[in-house]
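To keep things simple, chains are lettered A, B, C and D as they appear, and every chain counts its residues starting from 1.
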Amino acid sequence: MLLDKLTEQTGSKQWQPKIVAFFCNWCTYTAADLAGVSRIKHAPNIRVIRVMCSGRVDPQFILDAFSKGADGVLIGGCHPGDCHYQEGNYKCLRRFQMLKRVISSLGIESERLRLEWISASEGDKVRVVVNDMVAKIKQLGPLGLPVKYKEWAKEMHVLDSEIAGKEEVYA
Amino acid sequence: MPDKPKLAFYWCAACGGCEESVVDLAEDILFVVDNVDIIFWPVGMDFKKSDVEKYADGEIVVSLINGAIRSSEQQEMVQLLRRKSKVVIAYGACAQYGGIPGLANEFEKEEILKWVYEDSPSTYNEEKVRPLIKYKANGSDVFLPELWNVVRPLNKVIDVDYYLPGCPPSSKLLKEAVLVLLSGKLPPKGTVLAPDIALCDECPRKDTKPTDLAFTEFLRPNLHNIDPEKCILSQGFVCMGPATRSGCGALCVGGNMPCTGCYGPTSRVKDQGAKILSSICSNVEAKTEKEIDVVLKGIPDPVGTFYRYSLAGSILRKKVSI
Amino acid sequence: MIVELDAIRGVSLDTIYDSPEGKLIQTCIQCGTCSGTCPYGEYMEYPPRRIIKLLQHGLVDKVFDTDSMLKCVNCYACMMKCPREIHLTEVLLQLVKEQTVIKLPVVPPELQKALENNYRYGNPMGESGRKRANWVQTSSVPIRILSQNPEPVDVLWFVESYPAFHPRGQDTCRAIAKILNALGVDFAILGNEEKSAGECGLLSWESGLAEALVDYNMAIFSKYKFNRIITSDPHALDAFNFRYRMYGFKGSITHIVPFIIENIDKLKPMLHKTLGYSVTYHDSCCLGRHNGYYDEPRALLKAIPGIKLIEMVHNRINTLCCGGGGGGMWLDTYFKSQNMERLSDRRIKEAIDTGADVLAVACPYEIPRFEDALKVAGYDKKMVVRDIMELVSEAMED
Amino acid sequence: MSKTNGKIRIGFYICHCGTNIAGTVDVQKVVDYAATLPNVVVSKHYKYMCSDPGQEMIQKDIKEQELNRVVVAACSPFLHERTFRNATSQAGLNQFYFQMVNTREQNAWVHLDPEASTEKAMDLVRSAIKRVVFHKPLEQKTVPIKPDVLVVGGGIAGIHASLTLANAGKKVYLVERDPTIGGHMAMFDKTFPTLDCAACILTPKMSAVKNHPNITMWTYSEVESVEGYVGNFKVKVKRKPRYIIDDLCVGCLDCIEACVYKEPRFYDEFNQGLSKRKPVYMPFPQATPQLVVIDPDTCIWFKTGKCKQTCVESCERKAVDLNQQPAYKEIEVGTIIVATGFKPFDAGKVYYYGYGTYPNVYTALEVERLINASGPTSGEVIMRDGSTPKSIAIVHCVGSRDKNTNLWCSRVCCLYSLKLAHLLKEHTHADIYNFYIDIRTPGKLMDEFYTRMAEEGVKFIRGRVADIYPDTSDEEHRRLVVKAEDTLIREIIKVPVDMVVLSTGLVPRDDANDVRRLFNITCSTEGFFIERHPKLAPVNTFTDGIFLAGCCQGPKDIPDTVAQAGAAAAEALALIDLGYIELEPNTAFIVEEECSGCKSCVPLCPYSAISYNEEKRKANINEALCKGCGTCVASCPSGSIKQNLFEDEEIYSEIDGILNYEIYEEAVCC
């Protein structure tokens, strides 16, 4: 029952990708505000978590978001050289380059994780990036890790009943 | 000696090293034997499953289970032991996080079977025979355990009370754990019975580590010599020490090898691999995508490096199949 | 300033407002730069600015009853100077043109003939397609024709109709063959299989004809293996780069001038003859304004020993059209009947003013047009028209 | 008895913002939904949460319902987070027990589908409600403000800001790159619409700066580096060698006379190259300070090492020092005003207007010098070919409102074009044609000025100039033909004129990007610095303690520039007089017993806030130095560094909330 409900939520025609975004306070979050002030419409699939700097984005947060049902994760930071904290964005970039390798070797398409430099003045870039990412993820389809975990767990439950049968044989 | 607390040992997907570590107690094992009644230890003595089934639920005081869970038989056995035991301890890295067997989660079951039974260079199997789960022998049905698609740490299959980390756990930790259990002063459920601080704390080379770490390249211990005096990480070899619990006494570093992370992360960390990745990559010196990639190429297998013991217990658990 | 071809494919005047181009058109500030820069703006009842305003008000049909767009010579001046980057020449004016020719009571016979010839013979002058490769026999170097030797080739040279048939165009062809050969380029031509690419502007009069030629040439291309296409005709370059791409053409296409510039280091030691001409260069609308090749032709001319380059008053983005584009090649009689100044006449006045000996060009239409205009001006003894390739070839002589 | 009983009690509020939010987001649905979430005891919507009644509603609920957490879904936290935090704390709750949900800027304003918008709002509300549970009571950090101010740029904006601050008794360092202060305004002849003489109103202010005891004026100097933060910036200023000893030079100009170059022959910057200067020169007669300068790029001594050094000999006071080296000054200031100005658009970029090709095509700034009584022609309009024009075309919008160059309207060009039309007419009695797209004359007395010009007989042609070329029909005179469509009479016209004036727009300075990085402020893609809020914080930047004035923020006229400079000075004064600034307590800290002393974090901090304690063998964060980026927190391999306001649990709970993870929990238990 629950699985059906989940599949309905994540696999049906109505499926809409959910993207968790981590935006740095000074550049990308401000740019997203600017997009608002300028009424630059874009896809509603993005949920922004504000952090002070892209350097605060712990790779654990990204994996956590994927494992909890995000179809994509977007990190937005200041352009190289423009970090409000001088170099936080470089640290983010370094982790990102490695994390992309990790997730793709674990079967998650690397397009699902995106790092973009969006300065405070680039309201329109928020639109371009979000729309593009949503379009690409729609093409990929749902990641739906929670549903997959549930499916993986099935092998154990299926055997619960078989064990009962087997015990008789052993006896 | 009916009054002595009953103790069970069991192994699942493991190398046997954890069992060895029990023997490593040396003369202390006599102390253990004096104080407990080992009622199940397939590696050491001849017991049958039916012996365990005879006990009442909860009659076994402690079960120490090592190894990851990757087959129907292992699941069945640990579920049985869970029912019969008051306390279950996940013993060693495999039981705690999946350990080395957990790296099988980088592959699909079919890939693994195909390699093992067909493609590996040492295999000769022209008919491509695969083991059957059920077959007839001498007129009766014989069952073989079924390999699961996913390798799981123990706590993804049964409820686990305590964890003894390590590959294998040091005998010192085992002894301390036994003493705590015998004393009856049980720590809160879920406790990892090792110090909750990273390995650097007890590393003999701690003072040689610089405060201006900046990686320009990464080296591999099989290809380069390690200076036996200096912090291994600072020489460019990936050392998991900063992201790994202490408690082993920095054994590997003592052997001039980097820590590979078998004690798992501290309690504050959800995903050991992600955390060491975060720390090491942040300290890379390069600033452009291209230069960064060149440096990071020095770590050719990030999953195998950062998640050597913890993949099955990590946030992502396993390669996602379509 | 690149139009997103996908975004305008299938756009008509009715649907233009739903396209990204329509959004641009809505931003027009009616500054009149388009009309002011248009070489025939003063002869149009509805110059581009008014067309935009009429479109905004839903009254664009008015334009079809006039010959305004018959006078557009596809020179791209309005488009390249537009402060709102409206793709006038590429999109809106093309659509209006097509409607104009449908509504015209009488299509000017010369234009009618050119369209028909293109349809029947694959070239606007009505020559037999079987004679297209005849000029090859007069070449001093061997030229591979793919239908005879279909092996894969590096560079496919799309010769085009004017160079293939016009005597002065053939001069340029022989020069190009010689240069390519000297540079060791692995090249071949389609020979008689080739049909007119369909000059970009001409195509806009007749989209049916356009599609036929595009389909034909793309089918021929698919028969052979080659890495890139070069052409000496900027109009063909434009047709491939814009019109053909809308129909899915994905190949690489380069004009001969930038292609030679890629090999300039190899070419330079071969240019041993000092020419001693003073030269003025005419920027072709398609090559310069539309494709941005301003520096390459000049660099090539400067590589020739002894050439002194003098600029005309209108050059680069501000160049004056020769009047041959957009079907203008076949409308001279019509324009004359409307008492309009021939643009080639206007242009050679500026060329004469420079005092140069040679008017250098890089487009096959311009040689006959300017030679004729110089003759009319009585100046043909003092100034000659030369394709840059002819000058390069001359400098290669011993 | 307390209702809370140690329990979390959350009050949730969503703002309609008139119809700004409620027009797209179904606020009732969100309120109903929030009421079902754990720990929520109050869930309400209101027309304007930021209004007094809105705030009072929260405060009343905090008291009556014993709320201990508050979540408000409204606009961006940049706008009203402070408002609601204040409301929370005034009701006796720690202000950091508050969390805001951005439902306007990042939701209602950017999405069209009300259903999707409402769903997004619900996700983010759930996220905030989960997050706020983990909030901790924190104290705000206060930082003392050093009273000295740095003003960068000595144009009218920098001059006015400096004088305002100095008159209030504050010590000001004014740093100017050029050898003199005065900026562009010093180059202008008269100012619109009042036509007062620019020099007459500017030079008194220039000397006031020079003579003010509270102002340290460093010309021919540049800011090299800026470190530190609001309240305590450490600034290094490079004083370029002018090869003249400031204290000894009295501005007698003898050295200029004595220069081995008998005639001036180098591009004179102040006169836009319309006249020549020598390598040793005084920028202009009223230059402040009255010090000559030697330009090493043109001085033969610096170029060849050979010169008789007549300038050195000529100076009785021995003020010429050809061995002078750059000097570096280090100062500590609490606030900074950036007033680095603009650059006129490079007219050569509109190729078809022929600037640089035809000598009689001028830029507006050149004409300012040409008609100035102290300019190269002493105010007579004599063109490069020696003639005086009888007809003049003024081309508006050069480089402005054009996607090929700059999109913006430069705001001042219409008016200065009108001014130049008047002055040129006054000087030459020529026919003047203004080619314009739109005449824009907002502001006090501006449109009246336009009317006056029309009365004076200036001709206006509505059409953007499409082409300028020599008139070949007139062989001797070689006039220029200006071609455009007169869009009002719908004719293509070709107007032959003697002179063309290009009204170039205002563009950011070439090094705007470097300046932005130097001061850690932001600029738009074109290069104008960005204010913190376009309406409510127009002179603030995103960096506390750094303010903007003048055209470096965007094109504006002199009155607006001066007003903005005053505002920037007032903002600085407000900080200085309070003496301290409250900062977000979002600093990081290390839990000592958890730290293994792995030292990985130490090199990550750009502010050296993390140090390694050799004795304890642990790392430590100096809270006063920490700026709160959180990079070390994300990097700590053993999870032993935490960041206030952004703790791991807080972010995990946000992720949980966004993804509504509960619905899965059953599925993933094993």
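Note that in this section a residue touches a chain if its C-beta (ideal position, glycine included) is under 8 Å from a C-beta of that chain, and two chains touch if they have at least 3 such contacts.
These numbers were taken from a predicted model, which means no experiment stands behind them.
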Comparison of C-D and A-D (more C-beta pairs in contact): A-D
Most widely separated chain from chain C, with each centre as the mean of CA atoms: B
Separation of chain C from chain D, taking each centre as the mean of its C-alpha atoms, in whole Å: 47
Centroid distance [mean C-alpha coordinates] between chain D and chain A, Å: 35
Centre distance in Å when chain B and chain D are each reduced to the mean of their C-alpha atoms: 57
Junction residues of chain B - those touching two or more other chains: 157, 269, 275, 278, 282
Chain A, residues touching no fewer than two other chains: 55, 58-60, 64, 91, 95, 149, 156
Shared-contact residues (touching 2 or more other chains) in chain D: 604, 631, 634-635, 648, 670
Pairs of chains satisfying the touch condition: A-B, A-D, B-D, C-D
For the chain C and chain D complex, residues of the former touching the latter: 1, 29-38, 41-42, 47, 49-50, 81, 83-85, 313-314, 316-318, 349, 353
Residues of chain B that touch chain D when the two form their complex: 156-157, 196-201, 206-207, 209-214, 241-243, 246, 265-266, 268-269, 275-276, 278-280, 282-283
Chain A residues touching chain D - in the complex, by the definition given at the top: 2-3, 5-6, 9, 16, 18, 20, 26-27, 30, 32-33, 35-37, 39-42, 44-45, 47-53, 55-61, 64-65, 68-70, 81-82, 84-88, 91, 95, 119-122, 127, 146-147, 149-150, 153, 156
Residues of chain D touching chain B in the complex: 593-600, 602-604, 612, 617, 631, 634-640, 648, 670
List of chain D residues in touch with chain A within their complex: 76-78, 102, 104-107, 109-113, 116-117, 119-120, 123-124, 127, 516-517, 520, 522-525, 530, 534, 542-543, 586, 604, 606, 627-631, 633-635, 643, 646, 648, 651-652, 654-656, 658-661, 663-664, 666-668, 670
